[in-house]
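See the structures that follow.
Each of the next two complexes has chain A plus one more chain, namely chain B in the first and chain C in the second.
So, the complex of A and B:
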C-alpha cells in the first residue's frame, strides 16, 4: 500500500519537475542546462511516479515507448550532426532566426542534438529504473511468500 | 556604529552552513544504521540547496538557482527511494546492541 503522502507529492510535483526540465532544455546552449540534465530531470519525474504508483502502471504507460525513444533520440542526434556537413563540417551549427511577436528566437542544430540526447537519456534511465524497481519488488515478494510458507509450516 | 554589509552576512551564513554540513557528514560516516544515514543524506541535500542559493546571491549568478531547484528535487526523490528501500528491509538487522 502506497502512502497517501507520496501519492499527493507525485500528483503535485511531477508537473513541476517536467516544467523545470523543459526550461532547462530550452536555455541549454549558453547557460547551465541542456539535453542531458533535462533528460535526467524527466527521469526523476518518472521515478517519482514509479515510487508513488508502483512499477506496473508506469510500465504499462511508458514501457513500449522506451526503446523506440532511444532509437529516435540516436537518430535525431546523429542527423543533427550530419546536417552540419551541409555547412561545411561535422557538427557545424546551422542557425535559423525567427521573430515571433517581436521576440527573436534562434533555433539551430544544437537544439536538435540536445533533443536527441534528451530522448536517449530518458529512454535509458527510465528503462533501468523500471528494471531495478521490478527486480526489488520481485525479490521482496519472494521473501514475503517464503515467510508465509514458513508460517504455514510452523502452524 | 558598526556597518555590516550584506555580503558579510552572506559570508557568515556560508561559514555557519559549512560547519553544519561537516557535522552532517560526520553523522553520515559514523551513523550506526541506515535510517540515521538517510536522515543525514536528506539534511546534506538541504544544506546543498541552501549553500547554492546563498552562493547565487553572493555572486549574482541567477542561473545557479536552477541548480538549487534540481538539487532539491533530486534530494527529495533520493530520500524517497531510501525510505522505500527501508520499508521493505528487515528491521531487526539494524538493531546494534553489541556493546
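So, the complex of A and C:
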C-alpha cells in the first residue's frame, strides 16, 4: 500500500527534478553543478519513483539499461578526453561556437565529459538504490510482520 | 612536442577505454560476450605493456616526461609525470596483469567472468597506473579510490559469505587509510596553498615543523596502511585468502606495492629532512613489520593465508629501504632507494609467482589446507620446481633476485649503523627460509593424500600449461635479475637518483609561481 501523497509528489515533482538536473548539467562548466551533481539529481528523481511506485515497476523500466549506461558513460568520458589529443593534448577542451536566433551557444568536449560522468553516476546510483530496496524487501519478507512492513514503507 | 609526452596519459586512458567497451559488451548474456571481453582485455594489456616499455626506455636515459592535462599550466591543471621509477612500475605492473590473463582465462569460473572480472581487472590496472603517473596529491587520492572500489568489487566477486566478510573488513580499514590521505591533502593545501607535487616540494621546507610533521605522519600512516605495514596490516590476512586465486595474485602484485611506490615517490620529494630525522622510527616499523609478518606465517593452516603473511613480512624490507633511501653507496647517491626499488620489483615478481602456483594447487585439489595436501612432487614435478625456485628467491638465496635485494639492503643498513634492524632482517630471512621449506614440504613432499582427486575441469594439459606459464616467466625474470644484477642495479640506480633529485623534478614540471601566499592559519599554529 503506497501513500497517495507520495504518488502525487511523484507525478508532480519528477519532471521538475529532471528539468533541474538538466539546468544543473548545463551551467556546470563555470558555476556549481555539472555532470556528477546532475547525475545524482536524476537518481533522486528515480528514487522518488521507487518510493512512490515500488521497486518492481522501476526495475522493469530501467533495470536492464543501468549497466550499459555505466559502460556508455565511461566510454563517453574517456572519448571526450581522447578527443582533446586531436588539438594537442589529452583532456584539451575543444569548443564549437555557433549562434541560434542571436544567442551564442558553446558546445565542447568538457560537456561531453560531463555527460559521461552523469551517465555513470545515474547508472551506479540507481543500481545501488534498487539493490538496497531488494535487500530491505527480502528482510521484511523473512523477519518482519505486516505491521512493521508498513512502517518501513512509510519511512 | 615530444612524442613521449603524448604517450603519458595512455596508461590511464587505454585500460579505461577498453574496460568501458568490455562493460557494454558484458551486458549481452551470450557466451560470445565473455570471449570478446577476453580479447578486449588482452589487447588493452598488450598495448599498456608496450606503452610502459616505451616510457621506461625513454626515462632510463635520465629524461623525465611531463604532461599537463588539458594543457593548463602546472599549478592550475593536473600534472602527470614519469621518470624511471614510474617507468619501472608501469612496466612491471603491466607485465604482471598481462601474465595473469591466461591464468584467469584458464581458471576463472563462468559466473565470476560474467559478473565482470575482466573489466574490473582493467579498472584496477587503470587505478594503479594513475597513482604511478600523477603529479598531484589530490589526484593521487582519487586514483587510490579507483583502486579501492575496483579491488572491493574483485574481492566480493562470487559472493560467498567468507568473501563478503573479508571484503567488508578490507573496505572499512582501507577507507580509514583513504581518509588519512584526504586529511593530509587538505592540510597540505591549507599549509602550502597547492596540491601540485612539484610545488609542494618547493614550499614544504618553509612550513612550520609541526605542520610538516603532521602531514608527513598522515601520509606515512595512509601509505603504510595501504602497503600493509605494522601495525596497520590486519586487513590483508583477513581478506586476501577469500577471493579466487587470480584475484589474490593480482592484488599482491599491484595493491600493496602502489602504497610502497607512493612512499618512495612522496617522501624523498616532500620531506628529505624528515626522512633522515625519522630514520629510527621508520626502521623500527620496518623491523616490526617483517618480524610480525613472518611469525604470523608460521601459524597459518592454508597456502594463501601463509603467503599473505609473507607479503606483510616482505613489506618490512621495503620500508627498511625507505629508511635508508638517501644513504649513498657504490651506485650513486640514492643507493638505499635503488636497493628498495629493486627489492620492490623482485617482490612483485616472486610473490605473484608463489600465489599463482599456490592458487593453482588450491584450485586443482579443491583445498589449500596444508595438513591435507602432500606428495604432489610426483604428479606435478614442473610446478614443484618452479615453486621451489620462487620460494628460495623469496627467502633470498643466490642466484635469485631476492639474494641481490637482501644483500644490498643489508649493506646499506649496516653502513648507516642500524645494526639492530640489520640483525632483525637476517633473522627474518632465516625464518622465511624455514617457513618456505615448511610450505614446500607440506605441499610437494610426503605421501599423496588418496582422498584428494584433482578437479576434472582443470586437469587438461592445456589448462595446466596456461596456468603454469605466468609462474615460469616470473621465476625466470627473478633468476635473470639475480644473475644480471649489475644492469638491474644500474636501472634502479637511475630511477632512485631521479626520484631523490627534487630540483630536477621541480624544473621538469615547471609550475608557475602562484601569487597566493600561505594562508593565515600557518601563523596561528606556529608557537
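Heads up, the rule we're going with is that the second predicted complex is superposed on the first by the 143 of 155 C-alpha atoms of A that agree within 3 Å, B and C clash if a C-alpha of one lies under 4 Å from a C-alpha of the other, contacts with A are read in each partner's own complex, and residues count from 1 in each chain.
In this text, a contact is a pair of C-beta atoms (placed from the backbone, for glycine too) under 8 Å apart; a residue touches a chain by one contact, two chains touch by 3 or more.
Because the structure is a prediction, the values reported are computed rather than measured.
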{"item": "Chain C versus chain B on the shared chain A, clash or fit after superposition", "value": "fit"}
{"item": "Touched partner set for A:75, first chain B, second chain C, both or neither", "value": "second"}
{"item": "Touched partner set for A:23, first chain B, second chain C, both or neither", "value": "first"}
{"item": "Touched partner set for A:67, first chain B, second chain C, both or neither", "value": "second"}
{"item": "Contacts of A:88 with chain B and chain C, given as first, second, both or neither", "value": "second"}
{"item": "Distance of closest approach, chain C and chain B, by C-alpha atoms in Å", "value": "23"}
{"item": "Residue numbers on chain A that touch chain C, as the complex places them", "value": "64, 67-68, 70-75, 78-79, 81-82, 84-85, 88-93"}
{"item": "Contact footprint of chain A on chain C as seen in their complex", "value": "1, 6, 8-9, 13, 16-17, 19-24, 26-27, 67-71"}
{"item": "Sites on chain B touched by chain A in the complex", "value": "63-64, 66-67, 69-70, 73-74, 76-77, 80-81, 84-85, 88"}
{"item": "Of chain A, residues touching chain B in the complex", "value": "6, 9, 13, 17, 20, 23-24, 31-33, 37, 41, 44, 47-48, 51, 136, 140"}
